[in-house]
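Down below are the structures I want you to see.
Across the two complexes that follow, chain A remains constant while its partner is chain B and subsequently chain C.
Presenting the complex of A and B:
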């Protein structure tokens, strides 16, 4: 059983008392966990096919060619049609996910022109985009990618930023001076231009994009960590640790870092929000993930270009507002929970 | 060594340029053409201001040199007339700056008699010296235009002056007469205006060069608009094919950076016409009151011009695409018709070959391979791509049948995702690579692509095969043989085609070549748009036949098929009154299929 120190437990209790932030955190966590299993919520593959007494679970793994179910083609089975044929003949059963469309599937028939308006009959609950792909399905997968992207970004940024920031504060002197100037220069490189240049030469994939963003993103946190470390390093407990011969690494990572973590943690939700918005912005501008990756930015672009098909822009703006609102509520609550002054007095 | 050669050559060329006038060969058969039908309307009235738009302000007003090939260049080129032009309906040559022309028996020299009426916009006469200067100018390294440097050295090799109004132009290779006339035709350059030195590119960036066309730039607000004024006493006012044309007194080209915003300008009446070729405009955005109440009209006009070769260019040097069966299979697995029937709303048509719209030269028997999964599967099985991985993609010797499609415009995303999904059914995996246009083009010209999704603009009087399919252009960067086609049979036919001079032989060879290229299978044709669609306010009046066979646009203020419409001022007043009183008249939708093929 994890034993929390009393200060942390107090902060956690305080966080739980802040209902709005607490429930937002739970909601966001649920959404994220659900999105990890998006294949079971929105997919063109069936959850379960019972055919000739045999059970198939096509959701994950290799594709099952149509020939497996007595169809005359070798490509992936069209489960929606299979469902109709099996159920009318009574020779089997197909259970589809609640949204029976994958994020890349174009649902088009000759003579109908996407985008399609939302329709419950067709199970396009938020309509389709200009290529006939299900908007809801793309929002779900897009959310998963955006969350993973911003979490990865956060981890890398903080790993680099916190280490360098702490060392700057702890060692001070020339190291601090050199890095301060370096970071000042670094943070003045217009990162959007760099991305545009890179995107025009190679098409950035998920990892390249993370790396480019980390390349320019780690600097901002260093300032806070540097200040916090300076403050902590002057305290008696650090002196005491040094007196008993603790190594520099031990002092920085075991003593100073945990004590300055409250500064760090309040930034986390806002960094997540920042990650999501920057990926969306890049995709919107066309410098983000390559098509046909499901992405909120790309959907937003389609939406703003087709304002007469309002469902696209409304869906993605709605989803974004919801997620950013949740993140902001969490951030607010964390900041309050970590504030040592429980009450503020105004004189 | 090369330098020396160059100096000798330059000395030789300039000697030939500035040599004393020679004597014209005797018994030249001077030709002109004043018998073809007039295509402008005699009812046209002059006056008014035509308002049009561009999406970016030009970076220069030069006709050549860096940044001179933007969208604004069309306006400048339209006013830099050539020696002869093509009649837009009959496709015969018609006089322009030259009144007569004659052919030398050597098959590569044309003689031109210049029209003595032609004037520069500053009033001075256009004489043979201005054509000699064109050659000097175009060969100069100061203009920083390698393409022109090359063209005017290696394609047009000589211009000679006989007297002030007679010149001869000699090209590098003999050609059929029609083509000789246009390909070796040139436009004059005003010698008295230019100062050709190393600073030319910078010094003449914003200088307004005297021109020979109907309009000249009168006002320039950087970043905002360019205004052209009609020359009041233009030399062409009474010429047969120029009369009653170029009617507005002013043409204002406004910068509107966003196409959707530009449409809003049009809908408000601040632009006179608007192109509606894109399905989304024609079907969705161009709807509503201004059309229903009859203030604005829509026209769909079929034309008959060489079609741009929109399609997929397969790089034969790629190990996967070296196999003809794979290339055929890709063609059969590409569901172009589904793209047309869905996202393109059935507006575009299937292109059948790279050479459509060239009249007799087009081989009607060549048809694009249709979507047929069975054939695709058969071909791939035969080629040994029999295994399938867990995504259903075919494999051979542990390698997946995965191919990268390089394309340049995000507006093609919706077309390509359909292509991608459909090809997956045959076990072909298309990876979509969207690159910025210049980067993509660089990759393609360096032959580093697998499949290029693009098109060459069509043009000229007869198909061009050499640059696209001859093996001398294969396997090396910066040539147009982007399929790396290297086929001895095709090579020898292309050479025969280039050497042939009479039309029937050339037509027969062109037909054979189109079949061979189809059999080669490295080009998969996709779409053609054999029409133009536009909306215009009904104070614009059109001639009886609306436009011409080769009009790429109906409402076009300048250019060799343009300037046919006019602005009816009284009608404009009446329509604006109707608009403010919310009155209506009968809506007007014109669909003209006279030139539909």
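Presenting the complex of A and C:
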């Protein structure tokens, strides 16, 4: 059982009292968990097929060839037409996900060129993009990728930042000086521009892009951790621990880290927001994840190139507004929970 | 104090070398550099032309001679450090090389684009401070009033959204959908026929949307900074003293609290300068403004490395100097701050 110390519990209680931030946190967590099961929300595969009394769940796992359901082809079953045929003959049932289109599936209606406008009849609730792929489906999958991307970015950045920053603050001396200079150089690098240069040369995949962004982005936390460790290391309880004979490792891991890391959480929401916005910016400029990965930035690019089809731009802008507002509300609430400021006024 | 700033200026040199060396090395060391790209490009075009003359050993259409020539042209035939030293030597004499796309000197190309970026940078800077400081003061004085809460909601939106998203939303709605503003560009085609007033109007007609997008980012931060600083200072002890000795609220706020609240604003000034001067890749790309940002973006796309490096040189120098200016301003505004002493 996780035991929280009283200060943390107090902060948590204060966070819960800040209704806007608390509910935003719950909403964002729900959206993220839902997006993890995106295959059950938006997919060309059916949730359930009842054919000749047998139940099939095609959502996950290997593709089911059309022959399984008495169709005359070997490739993956087209569940949307299967639904029509089975329901007209009455020999079975097909339940499709709420959005019956996958993120990579192109829907080319005869006699009409994509992008298609939003239409409830065709179940393209937010329309399609220029290749006929469902916008809502791509936004959901794009959200999942963007969230996973920024969370991974966060983990790596904080791992490197916390370890180096802590060592800088604890050891001091030459190690501190060398890294100070190094970080000064690093933090003066024009982040987006350099990442664009690197990405244009090596054309990254998901993991390479994470690594590139960690490589250029680990410094901000380091600086903060250095100062925090410096402050903690000079306090009496550290001196007391040393007097008892605690080893350096014990002091760092048992005393300094728990006390300095907890405030790092105030940066987390803003790091997540930063991760999402920079990934989207890179995708928008064409230096992000390779196509056909569903991504908000790529959709924005299509949208700005086809401003007559306004639904693409507006969908992404709406999605970004929702997510970033939630993240920012959470961030503000956490910050307030950690540092309640009481203003008094001049009457 | 003076010694501190001299030291800061001297530190520009190693930092600058560090940044450029890092990027320089990255463009060289990473596999798939410009030469290999060119080889694939010529391979593709050769295939299309239908007369492929493959070098059986390397599998490329370029002969070993041609590759060597290209490598010499880009300085790829030498080790990284050596060609970096050569490049740096040229940069010191203000020779940024020649663009491989336009065949013009890089400095010339950058100089042509500068006025546009500077126009947007300066206008944004002035407008931001002109609007944010009074707004922040009004919000702090009427904390929790209807005006404060209503404006907070709007400012918060600009705070949460990155400026490029604001820019894209503006283009979509105001330019494409309602057709109120132009889609992009800096001036109209008939700009030269207009009189001075017409020219000015034309520039701001084109500039309205990008300026709003530029401001969206710094606007919220500056407003909140101003508001919070003023509220902190209003709660300070010296304000109570001022009240105790019978100073009018208005006088106390203006003479004491307001002046002290400008300190944090000054800290953001330097970085704002650098940011706006360097232009924003995203906003210039969205609005098709022919400034430094768009130039840098196109240079990366076209693999025009002399221009890419040239822009890196200019933007990082601006950024480094901007940081020092910002510290200098802080020291000017707040005499209590003494850099480089008693650390």
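We adopt the following convention: the second predicted complex is superposed on the first by the 322 of 347 C-alpha atoms of A that agree within 3 Å, B and C clash if a C-alpha of one lies under 4 Å from a C-alpha of the other, contacts with A are read in each partner's own complex, and residues count from 1 in each chain.
One rule holds in what follows: contacts are C-beta pairs under 8 Å (C-beta built on N, C-alpha and C of every residue); 3 or more make two chains touch, one makes a residue touch a chain.
Quantities reported herein were computed from a predicted structural model and do not represent experimental measurements.
Contact with neither chain B nor chain C is seen for A:211 once the two complexes are overlaid on the shared chain. Applying the stated contact rule after C-alpha superposition, one finds that A:34 touches neither chain B nor chain C. Of the two partner chains placed by superposition, A:268 touches none, neither chain B nor chain C.
Once chain A of one complex is fitted onto chain A of the other, the partner contacts of A:151 are absent, as it touches neither chain B nor chain C. By the document's definition of touching, neither partner reaches A:71: not chain B, not chain C.
Residue contacts after overlaying the shared chain place A:105 against chain B, while chain C stays out of touching range.
One of chain B and chain C touches more residues of chain A, and that partner is C. In the superposition on chain A, contact of A:327 is made with chain C only, not with chain B. By the touch criterion stated above, A:308 is placed in contact with chain B and with chain C alike. Shared-chain residue A:160: touches no atom of chain B or chain C. Overlap of the chain B and chain C interfaces on chain A comprises residues 200-201, 203, 286, 308.
Contact residues of chain A toward chain B in the complex are 61-63, 65, 73-76, 104-106, 108-114, 129-133, 199-201, 203, 286, 290-292, 298, 301, 305-306, 308.
Residues 181-182, 184-185, 188-190, 192-194, 196-198, 200-203, 273, 277, 280-281, 284-287, 300, 303-304, 307-308, 310, 313-314, 317, 320-321, 324-325, 327-328, 343-347 of chain A are the ones touching chain C in the complex. Chain B meets chain A in the complex at residues 260, 280, 283-285, 338, 341-343, 345-346, 373, 377, 388-392, 410, 413-414, 416-418, 420-421, 424-427, 432-436, 438-439. Within the complex, the chain C residues that touch chain A are 11, 14-15, 18-19, 22-23, 26-27, 30-33, 143, 156-157, 159-162, 164-165, 168-169, 171-173, 175-177, 183, 231-232, 234-235, 239-240, 243, 249, 252-253, 278, 281-282, 285-286, 296-297, 300-301, 303, 308, 311-312, 315-316, 319-320, 323.
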